[in-house]
Each structure stands twice: as structure tokens, then as C-alpha cells.
Amino acid sequence: MYAISLGDDGAELRPLEPWHAEEFLANLERGREFIGQFIPFGQQAVDVSTARETLQRYADMRAADTGSYHGIWLDGKLVGGVLTLNFDAAAGNAEVGCWLEPAATGRGLITRAMRFLIDWAVEERGIHRVEWIAASGNVPSLNVARKLGFRRDGVHREAYPYGGVRHDSEVWSILAPEWREARGRAAHNQ
Amino acid sequence: MYAISLGDDGAELRPLEPWHAEEFLANLERGREFIGQFIPFGQQAVDVSTARETLQRYADMRAADTGSYHGIWLDGKLVGGVLTLNFDAAAGNAEVGCWLEPAATGRGLITRAMRFLIDWAVEERGIHRVEWIAASGNVPSLNVARKLGFRRDGVHREAYPYGGVRHDSEVWSILAPEWREARGRAAHNQ
Amino acid sequence: MYAISLGDDGAELRPLEPWHAEEFLANLERGREFIGQFIPFGQQAVDVSTARETLQRYADMRAADTGSYHGIWLDGKLVGGVLTLNFDAAAGNAEVGCWLEPAATGRGLITRAMRFLIDWAVEERGIHRVEWIAASGNVPSLNVARKLGFRRDGVHREAYPYGGVRHDSEVWSILAPEWREARGRAAHNQ
Amino acid sequence: MYAISLGDDGAELRPLEPWHAEEFLANLERGREFIGQFIPFGQQAVDVSTARETLQRYADMRAADTGSYHGIWLDGKLVGGVLTLNFDAAAGNAEVGCWLEPAATGRGLITRAMRFLIDWAVEERGIHRVEWIAASGNVPSLNVARKLGFRRDGVHREAYPYGGVRHDSEVWSILAPEWREARGRAAHNQ
Amino acid sequence: MYAISLGDDGAELRPLEPWHAEEFLANLERGREFIGQFIPFGQQAVDVSTARETLQRYADMRAADTGSYHGIWLDGKLVGGVLTLNFDAAAGNAEVGCWLEPAATGRGLITRAMRFLIDWAVEERGIHRVEWIAASGNVPSLNVARKLGFRRDGVHREAYPYGGVRHDSEVWSILAPEWREARGRAAHNQ
Amino acid sequence: MYAISLGDDGAELRPLEPWHAEEFLANLERGREFIGQFIPFGQQAVDVSTARETLQRYADMRAADTGSYHGIWLDGKLVGGVLTLNFDAAAGNAEVGCWLEPAATGRGLITRAMRFLIDWAVEERGIHRVEWIAASGNVPSLNVARKLGFRRDGVHREAYPYGGVRHDSEVWSILAPEWREARGRAAHNQ
């Protein structure tokens, strides 16, 4: 029912729900290898039933106000999404994340969606510090963070075991005042 | 983050969440006597904490896909809402309901919001039969149902104890084909 | 331990418990096709283990005071039963239901058992409105309701998907004063 | 609904349920001092709400098939009851217990009720060993056990802290063949 | 991390935890036939996963303060253990038990470990009565109890179904003052 | 029962359990102002009952293998402790923490206890990365981390709201090979 237009190309952001299991699975299947380079996102969703279980976990997180998942639809097709996790309104802290199938990259979809998501977190929910965490080698992800105005707080050495290797894990953040300033700059530039 | 414009007067439909507890309580306080004429809606919400508990129950229903609550904001103020309950996508059945504070009546807000809600239930979620249940004496509610195209299926005699009296409970319904036809007629009339 | 004599033919009504799983399964096996014409009763019970699970759900309903299941034994064999569900003592509302294997029909067993069950609901538990719900096509069931004094409150159009078809669902009811009067008449006739 | 006649004086055995909370509390109030001499039975039930909680625990035990509570009604008044606990049908072991308000003693009510309860445990549920446990000083209780045919298996030294003292706890038992023989003797004597 | 030396042969007592699943399974495999003569200890642990489940149940008992499991390591190999169960600090009652693979018998390991365990129960946790329960035929187990100073409280006739037979079950106990005296005697003898 | 000697002054490390509630409360009472300068440790424990609840949460973490609490006893008095949290054996990551009442500072108790705890995590449980997190202003804590060989991975800007201020939160870590090397150096120096 709800949808946010992400721009003139018809891309839309919508809540991602358990009843999207088939679309979610199709999105994962198209992007599994690409997405799986750096993160285990969606690895437990291998058929409609397990896709629904994965989405149900997100639905339960939303009900508990500890996270939320939002799909990006392009030309009526679910191509990726953005999410909050470790959402802690009382402490004013939250982490954001994202995934995208390869055919939908290069259009700034994540950046556009993140602007709405972080705006909501900061302005409607009072989050003071938004975190972005990625493996050091996940350059595309870190580039989006940088572009959105995030700054690097540190590198957790060998903190992230994935694919048989312990990767360094980078922690970036943006604080509410920084977000508002970055947003102002972005508006000015457009 | 998400909002649906309900028309030129700026009215909006948005998901109603536990963190809206203060706004929800204020809405209930302004409408408690009026809303309480026919239904116990919100009676357990008497302070911010119990208002949050009430909204949390709705959030849990949404996570379980058995219901959903949506607030209507007018001039930035939560004035009422529409909801699904007994939502059963597998059986294709769902019930809808609503509440409104008195100062917001007479503008067709419920009718406008219901059009989005029932459209979503019928077209996105595959609900075949939408039910509307109200006490026989709740004429304003039954009038909205009639106006939306619902038809009366029956009167459950003395089924609804409220305010010390056993009221008859009317069950109205609209089926998916009827809904589509009613929507077509409404579009044609505008 | 407990048993109620239903008449001179030795028929008895007893609480139906999880440890009756084998008898319950045998009863279902003998009646599966017949019972399954109109209701999915017992369809998940396909072996002793699933029969016990079904009975355990009933046992949990009884513990929660939301329902109760009672078997009818004829010549020492479980042949069917009567039940309450959606039992709500606070609201004074309850629904009743029944099942029977075909070889035990035509003896008035359900009618006899229902008299005890509804009497208990009305007189011991203070239920004001007893409901009987059946598909419009389930003539035998509706005939028993009529014979017991129930009256039709309405027809929920296409409310009941079963066997690939959406059936109309009839809602009949009897109110406590009506029940007492019907009982008096029945006593007078005997 | 269900009741077992315990004899010509109109005493009846019935399932004891959460909705008997008021009668159960009244029974406890009349017998609290007497019952409390040796056992903490009903000590947490001090008003209707806590009486209902106590009965709900019994109802949950019944649903789990680990115990069952049965009230004894005399002249329409709940005066005591018999119970199973630590009921383990798989192992063939169960414990029985009882309580009675003082005005109802001296009539053999417990003995009469126990005959039905133990018969059910042994013959319908396949219990091989029925246990009776009481403090060494609880002579009236041990006398009932002896009269029913139980034999003393042992004395658990200082096993039972109650009323500030560690009492010896006697364990008596009757095995299924012994029960059948005792029952035969009792029938012969009558 | 924690370990108690049981003597000059290097035997050690340590908490037994879910992450010992592989060692526990190996211990059971070496002792399954021997241990299984009288008790079903470890029978559900047939691979690493079920061994972990068994240890997890013990871990949950420890968290609930109703029991604790302690492994005996000899030459760096888990060879058996001692345990508390039915631990009730409020009532001052607890039961103890043990298991050992055959190659580790004859060295007094259980006796040595029990001294620490019962000392802890009595002196640190305030247990007044420690129980030892074994089938009448389990002579080695009863001999250890006797050697530790336990006395026989009774024989529960046919209380223990195991291996297709109902065994008599012996209940032995030692009370806190008796334990202290036995310990003094043991110290004097050494 | 279990205890690890921390040195010649009689200091001991022991599992900290719910039944230590009174000692734990006394320790907190003596250290509340001092400990509360930088961390909310033990703030919910204000009487024996809430102290037990706090310890029960730790006990549940231990059962789930996500953390463990260990008390430091000096002269038979609980004066502080060390702990693991966010313990993730599968990922090879864990965090450590500590608390101490002021009278027990200056003796290296935390350092001594941490050596055992981290050794256990690294050598027995296979933890690869041990984390130490503290507010930037908590110099004593960070000094202990540095002394143990931890290195600073980053500063999470304004991540930690405490006492009405958003503090920077420092993340330090030591990896398994670094720990082994640091331990070797420490042994050589002694």
C-alpha cells in the first residue's frame, strides 16, 4: 500500500514483508553471487518457505523496533533494499545496511533510498548516530557511505569471518548534525 | 517515512506504530467519549505506557499478518485511523474497522482511507471477502459501509455485550468483484 | 473416569483427551470421507502421533477455557463428538460443533449430546448466545440446529473456502431464554 | 457437566476447573487451618484471583497430562477433593493426594473418591504404581492410605520442611495387582 | 578454566558444558554398554548434535539452579562425572548421581568427586538432605553410597521401569550433620 | 566449589551465580559511586531480589554460551569481577569487561583475573579476537587494556550515552597470536 518514489525512473521504496517471499527469493536468486561476495545476506533463503522465514525475522524485528527492511522496486521488480538493524531509539544509535542485485547497480538506487531511511531515523525517530559497517574490501559499499557523508571511526581487525577468511571490519558513522549539514549541501548542489 | 495522501486537504494515511504512543493517546483523549459510544477501542490506553502497549499489540498483529493499523493525520495531527483485523490471507477473508475523533468527522476521511486499505487487501493481498461488523445502533458506521458498497449478510442477535447491554451485531461484507465494480462506479462518478 | 449416559442404547458422552489418540484416529478413519464433505475436522490427524497433536490442541483450548471436546461412545467405540469453540465466558458467547462417523448417524446421538453440552454452557457457565455455523450446503448439520431450536441470523456470502470452492456460511444462534423454552417444550413432548 | 455419584448422601466427584474459583476459595477459607496442619495446599489462593491462578495451574497440569484435580461436592457445596500429580503414564507411575474441610470429615468421602480416581489411573491409564506421600505425623492421611490397601515403602528422613520443622516423609504405594485384589476384597465385604 | 584436583593421579573435576559435546560423546561411546546396565544416562546423545542437546539441558538446569553436571578428566580424557539433580536450595533437598566409563572404575574417582560435590551442596548451598537413588540391583552404585555414609530410607517397589522390567528403586540419604561426621571420620582415618 | 587462585594474597576467581545475590549486592553497594562513573554496571540491582535478577541474567547468558561472569574474592569478600559478553564461539569473537570496588584497586586484581579469562577464551574456546570497549574518558580501564596488550581499533564517536552525555566509545582488541606473544613476554619478565 505504501510506497515512496525514489525518482523519475519509477524506482520505489516500500516496506518489505513476509508476503513478498516469492519476489524476495527471485531478487536473491538474481543477485546471490554478487551479494554474497561480502555479506551472507539472504543465504538462508533458498526457497519460498525459507525466504518467508527470513522476511518473518525482519517483520519480528520491526515489531520489536530493532530493525526494518525496505525493498527497492524498479520497473515493478524487487531489485534490492535498505535496512536498519541494531536500531536502539533509547540510545539514539542505529546501523544501516543494503543489498542490490547486479543489474540494478550504477543508478544510485541505494544512495537515494538511504536518504529517506536516514532522514526518517534522524528526524522522526531521534537517532543521533547512524553506523555503516562493511568489510575493508567491500569498496563499493564504503564508497556509498563516504558519498552519503559517513566518516570512518575505526577498523576492527580481523573481526569478520566470512568465506573462510577473517576480514577487517570498518565502522563508519554519521551524526545527526553532520547528516543535516550533508543534506543541506546535497540540496544546494542539485 | 511512508505516507499516502488522502486528498487536497492534506490528510495523510500512515502506518501507526508503537512510537506514536503520545500522539495516539492524545487522539484517544480527544475522542474517548465519542468513540466509546459503540466500541471499546483504545479503552485500555489511558496513559503513554498503556497506549504503547496497545500499539505494540497492533505491531505484533502486523508481524503475524493478522491485522494492521493505519493512522489518519490531518494538519499534522493524528485524528483517527483504519485497520484490518482477523486478516486471513490463506482463507481470503479479512475484517476492517475504523475510529475517528469527533472534530474530524464529516470530511469523508474514513471513506477515503478505506478505499486505499480495501484496495490493498483485495488487489495486493488477494482478500476475496471483506467484512464490516458494527452494532445495529451504530448508524454512522453502517452508513460508511453502505456507501463503500458493503451489503448486509445478517444480524447476530444479542451477540455484542457493551455498556451493560447485549447489542445486535450486524455483519456486512463486500466481495472482491463487487469491490472492483463499486470502485469503477466511483471513478466514473468523479 | 467421567461419563454421561445419553440414553438406553448405552451411548455415552465423555471428555475427549490426548490419550484417546488411537480411538480418535480409528473414528476419523472410519468417517473421514463422510465428515470431510463439509468440514476439515481431523484432517491433520493422519496417524497416532498427529491424532495426539490434534487432541492436545483441544486439551490446550480446554485449559484456556476457549473450547472443549467431548467424545460420543457407542458400544464402547468412539463414533463422534460434540464440542465448544470460540468459548468466551466473559462475553457470554460460544460456538458449538460436532462430528460423527456415518455408521452412527440416524440415532439422534448429536442431538442428545448437544442437549447436555448447551445446558452446561447456558446454565453452568452463563453463556447467553450459542452459535451454530455451517456451510449452506450442509443440510444435515443445519437440520440438527433447527431441531434444537436454533434460528438463522444470516448468511456470510462466500466466507468459507473449502474443497476449492467458496461456500456461503450460515450463522444460526439460540439465546439462553430460547434454550430454556425449547428445553421445556422438549420435556413436555416426551 | 460431568459428575460421579459417590453414594446415597448425594456426594459427587467432578472435575475442578478455573471457573470454580469462588467455590474453591470458600472451601479453602472454611478449611484453611485444618488443611494447613500438614500441607501447604491452597496457601497461595487468598482471594478469587489467586484461587483462579491456582486452579489454572491444575488445568495446565491436566492439559499436560501430569496431574488432575477433582472436587468433592456435598449438598451442592465444594468440600474438598482428590488429585493426581507427578502423573507419568509412560513410566506407569503416579502420585495421589487429597484435601478436605473439617466439617466434611468422618464420612469416608476421600476413600470413596480415591476408589474412582485410582481405578481410573490403573484401569484406564495403565498406571502400575500409585504413590501416597505424607508427613509421618499426618496420621489421618496415612490411615486412609492403609485402608485403601497402600503399603509403606520407606521413610525419607527429614525430607519435608514445613512450618519451620523438617518432617520425615512417608512414601506408601499400591501396585496395580494389589489394587485389583483390594478392590475385590472390598466388593466381597460389601 | 575451572578445575579441582581429585588427587595425585592427575584426575580433575570440571564443569561440564555444551561445548564439551565431542568429548562427552566419546566418553559415552566408550561406556555406553556399561553405563546402560542400570540407567538411561546419555541414551539420547548418539552424535555430536544430540550430545550437545543433552549438555544444553544440563546447562539450562544449572542456570535454573535445579542441577549441575561436572566431568571427571583423567589423563586429559573425560571419563565420567558427578551431578546434582532435583536440587532445591529453598527446601534444602538435593539428589546426586554419577556415571563412569568402565576403564576408569576401581580408582575411587566417583567417591573422590562426590566428596567435593556434597561438601559444596551442604556447606556452600545449605542442603540438609542429600539423596542417592539407584535400582536395587545396581550394587556398585549402592556400595559407593554406603561408603560415603548414606543410609537406606526405603525401597520404592517396582517404581523404576528400565530395560523392559520394573525394578525396585532404593532411596538412600545422608543428612548434613551425618555428612560432617562422616567427613571427620574420613579425615581421621587418612 | 570451583576457585582459581589469583596469587599469594589469597585473591580468588570463582563463577558468580544467582545464589551470590547478597554478596553481589554488598559489593555493588560499596562500589556503586565509583563503578557508576563510567558504566551502568549493576544499576538495576538495588536490593537482594534485583541483585538476584541481575545474576540470573548472567546465568542465562552462560547457559546460552553468550557470556559469563566471574567474581573476584579477596579475604573472603567479593570485591569485583571479570566477564565475557557478546561471546560468539562460532565467529571467534568475544568482548571482555570488569568491575571493581574502590578499596580493591591498585593490586592488579583485574589484570590477574583477565589473564585467566582471556587464556580460557583463546586457548579453550578458540576465540580469535577479544574486544575491550570503554568510554574515552575511562582512563583506568583503557590502561588495563593497554597493559594486557590490547590495541586501539577505533573511536566510535558519540556512540555511548551515559549520565546525560554522549561519550566517544573506544574499541580495543587483541588477536589470538598477539595474546600468545604478550603472554610469553609477561612470563619472560617475571
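Letters are used for the chains, namely A, B, C, D, E and F, taken in the order the chains are written, and counting of residues starts over at 1 for each.
What we mean here is this: a residue touches a chain if its C-beta (ideal position, glycine included) is under 8 Å from a C-beta of that chain, and two chains touch if they have at least 3 such contacts.
Source: prediction; values computed, not measured.
Student: Following contacts chain by chain, what is the lowest number of steps it takes to reach subunit F starting at subunit A?
Tutor: Between subunit A and subunit F, the shortest chain-hopping route counts 1.
Student: Among the chains, which one keeps its Cα centre farthest from the Cα centre of subunit C?
Tutor: It is F whose centre lies farthest from that of subunit C.
Student: Copies subunit C, subunit D: same or different interface, half of numbers shared as the threshold?
Tutor: The interface is built from the same residue numbers on each side, given that over half of them are used by both copies.
Student: Have a look at E-F, B-C or C-D and name the one that copies the A-F interface, over half of its contact pairs being the same.
Tutor: Interface equivalent to A-F, from the options E-F, B-C or C-D: B-C.
Student: What whole-Å value do you get for the distance between subunit A and subunit B if each is reduced to the mean of its CA atoms?
Tutor: 32
Student: With centres defined as the mean C-alpha position, give me the subunit B-subunit D separation in Å.
Tutor: 52
Student: Scan subunit B for residues touching two or more other chains and write them down.
Tutor: In subunit B, no residue touches at least two other chains, as defined above.
Student: Quick one: label the inter-chain contact graph as line, ring, star, complete or other.
Tutor: Its topology is that of a ring.
Student: Which positions of subunit B touch subunit C when the two form their complex?
Tutor: Those residues of subunit B that touch subunit C are 91-93, 128-129, 131, 151-159, 161, 166, 171, 173, 175.
Student: What does subunit E use to touch subunit F in their complex?
Tutor: Spelled out, the residues of subunit E in touch with subunit F are 1-4, 14-15, 17-19, 56, 59-60, 62-63, 65, 89, 116-117, 119-120, 124-125.
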